[in-house]
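One chain, chain A, appears in both complexes that follow, with chain B as partner in the first and chain C in the second.
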Partner chain A sequence: MANSRTFKNGASALAAYALAITAALFFAFPIFWMVSSSFKSEVDISAYPPIWSFTPTLANYAQLFTELNAWQALLNSALIVGLSTCIAMAAGTLAAYALARFDVKGKEFLAFEILSIRMLPPIVSVIPMFIIARQLGIFDTPWLLIAAYALSGLPFVVWVMRVFIQDIPQSIEEAAMIDGCSRFETFWRVTLPLLLPGLAATMVIVFMFAWNEFLLASMLTSQEAKTLPVIAANAIKPKAIAWGLASAAGVMMSLPVVILVLLMQRYLVRGLTLGAVKG
Partner chain B sequence: MAKTGTVNAPGIRMDATKAVRAGEKSVPTLLLAPAMIIMTIVGLYPLLHSLYISLTNYNPTFGTSYSVIGFANYARAFGDGQFWYSVGLTLAFTAISVALSLTLAVLLALLFNQYRFGFVVLRTFLLIPMLITPIAVGITWRTMMMPDLGILNYLLSLIGVGALSWASSPASALASVILVDVWQWTPFMFIIIFAGLRSLPKSPFEAAAIDGAGHIATFMNVTLPMLKPVIVIATLLRIVDAFRTYDTVYIITRGGPDFATDLLSVYLQRVNFRIFDLGYGSALSWIALVIVLVVVLVFVNLTGFLKLVADKENR
Partner chain C sequence: MAIHIDTVYKQFGLLKVVNGVSVDIKDGEFFVMLGPSGCGKTTTLRMVAGLELPSAGRISIDGVDMTYAEPRHRDIAMAFQDYGLYPNMTVFKNIEFPLKIRKLDVRERARKVEDTAEKLGLGELLQRKPSQLSGGQRQRVSLARALVRNPKVFLMDEPLSNLDAKLRAVMRTEIKKLVTSLGITTIYVTHDQIEAMAMADRIAVMSRGNMVQVASPLEVYDRPKTRFVAEFIGSPPMNLFPAQLQPGGTVTCILPNFAHSLREDERAFATQIVDGKGGLLLGIRPEHLLIVKAGAQGATDALVELVEPLGQTTNVYVSVGDVRFVIVTDRTTARAGDTIGVAAPSELLRVVANDDAVLRH
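This part shows the complex of A and B:
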């Protein structure tokens, strides 16, 4: 009896590990392949059968900066994503505070409007933005993408921060106000410090979506305001594809997001589900 | 969210927080103003402008003059076979991709819900694909799926399976881009469903065990019903995003070969930014928007999504 039970437990543990490792391999292998390709020389990358051990080279990364003008794209990405994330966070958190703590008329309509922007396929708004930007002379400048990303991040921030603010007991704020703090002081000294983890998690997700965005970036820029995903896509030409170069661009683009999100993992689920599911 | 802790001094709550304090009448308006201004100028105005453009024959390659042509673009859209083909393809892509990643995510969540040594580390690997820039995902999978030099066909040859044509033949291109989509976005559904699973109460499972329910019966009658709100939310978000898939398909196939992966966003990109038929493209975009809304509404009605949300608010 005891023996068969031990055997059964052992067998199910073995099966669980086999499945879990297979799943991890399936999801991790392409990433491993991208990273290893980015360190391969031109000869190694087109070797068949594919080779697993090779002398790593940084040539692809160097080429990124010499041939694809990656510095400019990196600066553009940092400026555009940084500024639009800050705008979305600031405007969104203020609005979220109003929705969470005050009786606002037409609250449901506001919430609906916010959600419908989340539903809006970017392909719908890209045409008018393209036309208006050309009329205003801001086509291919960072400002256009800053505005576009601030807009697409905004509903998300409002929705998620509203939930994070509601999580903070109102009684804490009431206590501060009874002690003579103004509404602003209460927010600044009491609510904001408690909100920091939620703010950071929301910010990371907004950053991720803007940093990875390609459709708007490719259609609303031509030369000056190109972001990293756009120059990475440029490494793919119909005839000659620079695989090592493209892989290096992929690694460089993905690294900041992977690091940031893994640091903020605890709050990720809450943010991704618009606050609906607790992580 | 439920208002808790109202036992003592509800009057003070009212005075202190519900904008009754002197000089606070305009505070909510001021707080909402920046967000409203951004949404109006950058969101609403372009959208209305697009509605107007959709009623014109605007095409910048023919100069700046254009005229209002009423609903002609919409009439043309209804006869545009290529457009409706793309719509159908996109709906099929969305349905298959979301169904596959949902199934996979639920199974993985159940698997990783066991407390075993090393599972936390393995779980982290399941998170990373959704963080990789979609362009980079497209580049990597396109390399791996090359029929002659790609690693996937090499690995298949090791286990004695013949070479597949992956994204380079019309027959298997759609399946290939669905595979990439499932690979990238199953992690998204997985972490949400996993978090939902971890936060379920223990007692219903204990009761089921006492009643002698097997694994499958427990899953169908206990786990699944309790997990439904989480699954519905994850699925809704995924449907909306799958419908607008662009980046990976643009990199891997650009809609080809032979239009086998010509998803709506790829087709619209071609109409708008290759031939710059912006009036017609705007009309198509609006039809696409209506289709997304219909899909979302059907889903919401089928799953009782609004009731789920309302239950949450009134809890």
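This part shows the complex of A and C:
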């Protein structure tokens, strides 16, 4: 009896592992293919049937940095996305705090207003933004995209952070105020540390959204302020797609996100399971 | 420090929560606000703490007007129903927090934290996080955090209601001892009448945003002024019988034998009750009623409906016509269906105002 039960347990564990590994392989394969293609020569990539062993080359990366000016685009992306994420997080979290805790008149309407920015398809706002940018003289500068990304990230931050803040029992903040904190000290010393998991999870999502954004970036820049997704699209040439170049650009774009997620991992697991800060 | 609350009102939108509460709390007093949920007791407490601002009225602490002062400027401490501990900090850091905000020297802080923790039996738990503590331990931490900075006023908002009955009784005595020995003025909010009776120097019984009666525990029990107080305190509650104030100052009762030898001061009290229909109530605690032989002189014959033996006491539910009431006695031989005589000692009968009546001062 005991034996058959052990066997059953062993078999089901084995099946679970097999399934998990299959699923992991299925999702990891495109990434593997992208990374390996980025190191292949043009000939190796177009070989059929596909070849698995090849002499790695950095030619695609060299081309990316010389021909497509990837270095400039990377700097632009980092500046634009970094700054807009910070602005959206700071402004959004403070707004969310007010909406969660203060007795603001027309609070629900205000929150809905903020969300409605999100309902507008981005393409609708491109032409007005283009015209405004031309008049302000900020077309093709990083500032335009920073403003656009901060604005489009804001509703998400407000709505998600509001839930995280509401999840923190109010008595914790009241205790801090009685213990001698001002409203701001209470937020800074007590509420903010409890919000870290939520902040991390929200920030990663806002960052990824802006980092991968293509439509606005392609329409609102021409030379100077191009971001990575825009130059990556240049790998699609009129006659054919330069797969090696596209893969190298893909790897370049993925790396920062991977690094960010690894850095935030500690908080992410708690943050993604909403409401994890109840004492 | 004395606390002076002067005709304070609080309104949330159209909802009136506190309706002109006035009371003076003396230095070092243990003052309990007692009432059912929604009676405004917690809101009143939160206004003293500065967590809510009154819609009208004044609150002063130690003679200084604090009506609109921020909580941090009031030098008060507070214990919350759900403890309000900082979940990301250890017990040590939790207790240390108010001292840290006051920028005390690190060594001084550690000394005070350890002293207070020792006093509350938390010495072993200083490095734990709140999530690793039991409910009783968490409440102790919240008390320690409140006491560590020697507050002059201590506010407690149902601090024991999340604990089980046994622990509640233990913590009740501990809190009372601790606070009394430190001489801290305390306002304690609860819906539990036993807690209120056991701990209070004075009880304010609250109903619908008003303080209905403010008096010592025994006075509230022995001499309830209104129907609400009479029914809220005591278990089973006071027996109340419809009565009338007659022209000339005599009181008649639906059970005539109860009314005819009413005490002089009770009759005087009856004349103070202003009720359009001249209606009032005659009340007597169940344990003050006596069971005598049926037909005895001055007694009222009653039919026994149900007998509940509780061991220490026995509840005997009886009826006289349509009037039902309860007698608490020692062991009894009365059975359901028996007819017994009930006597009400006249010195223990009380005149009680109906809730819609007004007291004339």
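To be clear about the criterion, the second predicted complex is superposed on the first by the 231 of 279 C-alpha atoms of A that agree within 3 Å, B and C clash if a C-alpha of one lies under 4 Å from a C-alpha of the other, contacts with A are read in each partner's own complex, and residues count from 1 in each chain.
Please note the rule applied: contacts are C-beta pairs under 8 Å (C-beta built on N, C-alpha and C of every residue); 3 or more make two chains touch, one makes a residue touch a chain.
Bear in mind that the values here come from a model prediction, so they are computed numbers and not experimental data.
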Problem - Touched partner set for A:13, first chain B, second chain C, both or neither - result: first
Practice task
Once the structures are superposed on A, label A:194 by its partner contacts, choosing first (chain B), second (chain C), both or neither.
Solution key: second
Exercise for the section: Tell me which partner A:74 touches in the superposition: chain B (first), chain C (second), both or neither. Expected result: neither
Handout entry: Touched partner set for A:177, first chain B, second chain C, both or neither
Key = both
Handout entry: Touched partner set for A:127, first chain B, second chain C, both or neither
Key = first
Completion exercise
chain A contact check, chain B vs chain C, more residues touched by chain B
Practice task
Name the contact category of A:185: first (chain B only), second (chain C only), both, or neither.
Solution key: second
Practice task
Please indicate which partner A:30 is in contact with in the superposed arrangement: first for chain B, second for chain C, both, or neither.
Solution key: first
Practice task
Identify the partner contact of A:59: answer first if only chain B is touched, second if only chain C is, both if each is, neither if none is.
Solution key: neither
Exercise for the section: Identify the overlap between the chain B-contacting and the chain C-contacting residues of chain A. Expected result: 169, 171, 174, 177-178, 277-279
Handout entry: Of all residues in chain C, those that touch chain A in their complex
Key = 49-51, 70-72, 76-78, 80-88, 97-98, 101-102, 130-131, 142, 145
Practice task
Flag every residue of chain A that touches chain C in the complex, lowest number first.
Solution key: 169, 171-172, 174-182, 185, 190, 193-194, 277-279
Problem - Residues of chain A that touch chain B when the two form their complex - result: 13, 16-17, 19-21, 23-24, 26-28, 30-31, 33-34, 37, 46, 48-50, 87, 90-92, 94-95, 97-99, 101-104, 110, 113-114, 117-132, 134, 147-148, 150-151, 154-155, 158, 163, 166-167, 169-171, 173-174, 177-178, 183, 208, 211-212, 214-215, 219, 228-229, 232-233, 235-236, 243, 246-247, 249-251, 253-254, 257-258, 261-262, 265, 268-269, 272-274, 276-279
Handout entry: chain A contact footprint on chain B (complex, rising order)
Key = 1, 3-5, 12-13, 16-19, 21, 24, 27-28, 31-32, 34-36, 38-39, 42-43, 45-47, 49-50, 53, 58, 60, 108, 111-112, 114, 116, 118-119, 122, 124-129, 131-137, 139-144, 148-149, 151, 154, 183, 186-188, 191-192, 195-196, 199, 229-230, 233-234, 237, 240, 243-244, 246-247, 250-251, 264-265, 268-269, 272-273, 278, 281-282, 285-286, 288-289, 292-293, 296, 309, 312
